[in-house]
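Two complexes follow with subunit A in common, the first pairing it with subunit B and the second with subunit C.
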Partner chain A sequence: MTTSTFVAGKGWLYRFDPRAKILLMLLLCVWFFLPVHLVGLYCAVALIVFTGGLNTGFSHVWKIFRSILPMLLFMVLFMPFNVRTGRPLFSVGSVTIVTEEGLMQAARLAGRFIGISYVCTLLFATTIMNEVMLALRWYRLPYKAGLVVTLAFTYIPFIADSFSQIAESHRLREADREQGRKFLQRLKDLVPTLTSALVVALRSIPNLAMSLEMRGFGLQNRRSQYHNLGSYRHPFTHFLLSVIIPVVLWLLCKA
Partner chain B sequence: MQQNRNALKVAVVAVLTAVVVVFTMVVRIPTAKGYLNLCDVAICFIAFTFGPWSAFIAAGLGTALADLISGYAQWAPISFVVHGVEGLLIALIVRRQGDKEASLIRKLFAGLVCIATVSLGYFALSSLFISTVSVAAAEIPGNIAQSGVGFVLGLGVASAVKRAYPPVRSLAW
Partner chain C sequence: MGPSPNGSTSFPVKFRPIMQHALRLSHLHFTYRSWKEEVCDSLFVDLNLDLQEGGKTLLLAPFNKGKTTLAKILCGVCPKYFPGTLQGTIELFERDLSTMEPWDLLGVCSYVSQNPQEQFIATSVEEELAFPLESLGLEREEMARRITRALEHWGLEDLRTSSQQELSGGERKRVLLAVQEVIQSRLWILDEAFDDLDQRWRNQLKATIQASDKTILVLASRYLEEFTGLFDQVVLLDQKAIQNPSLDELLPRFSHLCGDDLPNPLEGQVLEMSKKQKLSCMDLEAERKRMSTLLGRSFSLHVPDFHMESGELVTLVGPNGSGKSSFSRLLCGLDDPIGGVIKLDGQPLAGKELSKKVGYLFQNPDLQIFLPTVEEELSWSLKRRKDLKSEEMRARVAECADLFGLTLSDTPSTMSYPQRKALQAAVYFLLERPFYILDELDSSLTYYSALAIIARLRKRGAGLLLITHDRQFAARVAQRSYAIEDGRMASL
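Here is the complex of A and B:
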């Protein structure tokens, strides 16, 4: 199981301070809900997608688009038929099928959805998880919360591997029963696999707690940090840019 | 002693969060708006076994992390709230009183609350922040099925784990 969201690269987004990047992401997410021109909205989305392509590569940009495509299609195909207000564009007899208002709403919704998806994904594609956690701690995320997330990421591959092995061995034992089983029976047969995987995961908890104690977790002394965000130069400029970019976009695109 | 208890709490929540991520990502059925998965099995198991706060943190954080890893980052805050509240409510309803297990009626009520929280929570928050009422409404049947099946399997898995690994009771807080 791949748990890393980081895509290696050297673009300017990688050199942007993670703390400022989080602020920029939040402000841009808010920006997408402001009343802006449809053309302005799509220009901003195109700018974000293009920036993402230059930094993480256009293959990654295409991969993100493929993952959101099913929902996007669903929105665009479903939405116009649910809006009855506005000028009718297509009618069968006295029944209005599509209105101009419906099409505009679908287009706005799709643009907003693409924009938010790319903004959120680009943060995690251009920042390693360790630095995201350091940035969140700078925003006063408690140490324990950061530690829980870091430990969870360490344990995900171990639990996923155990789950796969247990599922495979259960499947081998029940190979002759595999065909012709009903859906409910299949669900019932899932219980032993899930139980075994959970027991394996739960058995690791006492050892983890013990190793945390041995490392001095919970002592009053302030903990030293090996990693920090000091390598990012000009944080003030980055914070300023994080505020300026959404404000300029808003001034250019407001309805 | 307090230090030991804190280390155990962190270890429990971290491993349970990882369990929720794995259960969310291992079995995935793609739908129009994302995917259906087994996260509710893990959440119900945690709520039945570990209590409200472990359930709230592990369920919320686990599903949000799974969304981030899978490339559905925009759903992460919604998943955190909906599944966190789901875990918290189920655990509060089926909480043990002394040595007595929760009655069947309370378990059934917890199941209904689980289904209602997931389907209505996703409907309300996604229609408010991501899509519209009509698009969000189309996803309700899938969420009802996922949370219903998840609750039943979670109930079965919780009792099976308690039999297979009795020390699990000492890990709850």
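Here is the complex of A and C:
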């Protein structure tokens, strides 16, 4: 009932201390909301994506991009129409449809969305879940809260996996002499797929709870730890880098 | 033994008092609660069972007679997570189960589910094994020792860091058996544990049970040849209670309950074949890399020659993880090969066109049925055909439901497993594919139910490729066989 998001590799991000990696992820997420040049924003996003790609492989980068693409398109297409201020670029009669300000805001929003999504994904792609958990506990997060966080990040991909499997099953059920499906029919066909994925997810909740308790979750005694973070060398350097990287990016890209 | 002061497990691993009874069920009644607030039929009525400590018991029951429910009751998770009314007493090692929570049973009783996927909670094999040991608070060295030994025992060393979604069904089952081994609990409950395992691992499980000093309860819905001489006690779950006749009386009775004494529906079957077609492939190649691990090498599949004709019944056998499912995905057009082509009557086909010629019945029917009623499920694909009038469509759906023994107004999610499997087959029957792949159809079905589905799908002359681990079953149905090992397929 869980799906791993870890992509095995040997790059420097895999050797980076998970505690420092969490700090770097949080600081970069904050960085995306700082007032920076639009060009600087996209350069930073490109740098992060390139670095991530060198570590996890560019097929993984493409997979992430493809998964956020529908949401990204939705934002980019509708954002310009919601902004009325700025120099009009396209008008119908006296009604302004798109302004320069609207386009700039849409571009900034898309950059931030890609950057934040990718940075968060990169943490779980380059760190095994147990070490994410240990790092969260190092930040004094209670065990149960840490488990909830890590379970959420494995349960959501599980639902996504179920959705793909069900979509494949639909494809296998297409009739031989089926008429060409129109866009609206395709959208309509998404409903049973989504419903089935939801049913699979809901059905798996008691199983997940059952399995956790059968594995001793709930026992009052102190849990021991199979993994530890002792194998990561030079944690201080990693923490220092986690602060320096966002600061340098800020100095280079600030508006 | 009384409860420990902190309320946690009161069964220390090192100190085990000698007890006569590991498990005692007395006057057990259980009824599931209906989500429609209707009165449900009781699953167990006055069920009694005694297991001696260190004893090995086989509990046989036809499908949907409550094996899995009984296992979940014994583990303390039913009716907690699967609501119903439970009456009677259950004593586990002379302690009342109603006074314990499921986590208190860690180290006392462990369970391997029929459906391995429902038990995975961690993201890698190693973490799956470590989780219960961390709950027990064991030292890291002890955890490492147990984990390494169990991984070796179940041949999972190369899969140590793999995630569960990259494992085959048999590999998943082995992981759960390894989890059971590291916990070292006193009572093992194995629900259809031999299913999904190939012959090598079935033998391994048999040897493990033979050598174990634990109390073992195996739940099964088919009597496999591996069971012979393995158990001290064989009981039957029938008429809502445990029956304990002699083995000579029990096996024919069980066989009758499973319909094994009914005539083989394939024998003398006359096929309504309209035209003869041939599905073939040569030098088919595919590659698959496990994303979550750098251990082991990437998997490659090579099929030098495969062919199947209309009306043929071909079996594909092979060990766990040998590439059976990868080949099936290629053959039905879900994945593209990196080399070679698949041809139908000499014409190359790929992708969606191939999917419309080769039906693939997944092992898990729940991934292929998703609508609220049987009628909607059966008419889903037919509605999309413009050459079919609605009256004709309804007539076909009704005829098909009749053939597969289904009721049109039934809700698939509340139907029994064999019925859901029959519905999955009925959906494909209506699609009139010339070829079908049946992925481990016999697993979790009686031989008769599986044979009946095969006979119906084959009725119009479809060619069938049956994937199975069960040699007995393969020998019973196959006209020709292929074997696959380590990604290489060969004709037998």
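Keep this in mind: the second predicted complex is superposed on the first by the 169 of 255 C-alpha atoms of A that agree within 3 Å, B and C clash if a C-alpha of one lies under 4 Å from a C-alpha of the other, contacts with A are read in each partner's own complex, and residues count from 1 in each chain.
Basically, contacts are C-beta pairs under 8 Å (C-beta built on N, C-alpha and C of every residue); 3 or more make two chains touch, one makes a residue touch a chain.
Worth saying up front: this structure is predicted, and the values here are computed from it rather than measured.
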Name the contact category of A:Arg173: first (subunit B only), second (subunit C only), both, or neither.
-> second
Touching A:Thr85, do we find subunit B (first), subunit C (second), both, or neither?
-> neither
Should A:Leu187 be classified as contacting the first partner (subunit B), the second (subunit C), both, or neither?
-> first
Kindly classify A:Leu212 by the partners it touches after superposition: subunit B alone (first), subunit C alone (second), both, or neither?
-> both
First, second, both or neither for A:Thr237, with subunit B first and subunit C second | neither
Return first, second, both or neither, reflecting whether A:Ile128 touches subunit B, subunit C, both chains, or no partner chain.
-> second
The intersection of the subunit A residues contacting subunit B with those contacting subunit C is 1-3, 5, 151, 192, 195-196, 199, 204, 206, 208-210, 212-213, 217-219
Within their complex, subunit B touches subunit A through residues 2-4, 6-8, 10-15, 17-19, 21-23, 25-26, 30-34, 38, 41, 45, 57, 61-62, 65, 68-74, 76, 129-132, 134-135, 138, 149, 152-153, 156-157, 160-161, 164-165, 168, 171
Within their complex, subunit A touches subunit B through residues 1-3, 5, 33, 63-64, 67-68, 70-71, 73-75, 78-79, 82, 105, 109, 113, 116-117, 120-121, 123-124, 144, 147-149, 151-153, 155-156, 158-160, 163-164, 187-188, 190-192, 194-199, 201-206, 208-210, 212-213, 217-219
Complex contact set, residues of subunit C against subunit A = 6-9, 72, 75-77, 80-82, 101-106, 110-111, 117-124, 126-127, 130-140, 143-144, 147, 161, 163-165, 179, 290-294, 332, 334, 352, 355-357, 359-360, 362, 366-368, 370-371, 380-382, 384-387, 413, 427-428, 431-433
Complex interface listing, subunit A residues touching subunit C = 1-10, 128-130, 151, 154, 161-162, 165-166, 168-169, 171-179, 181, 192-193, 195-196, 199-200, 204, 206-228
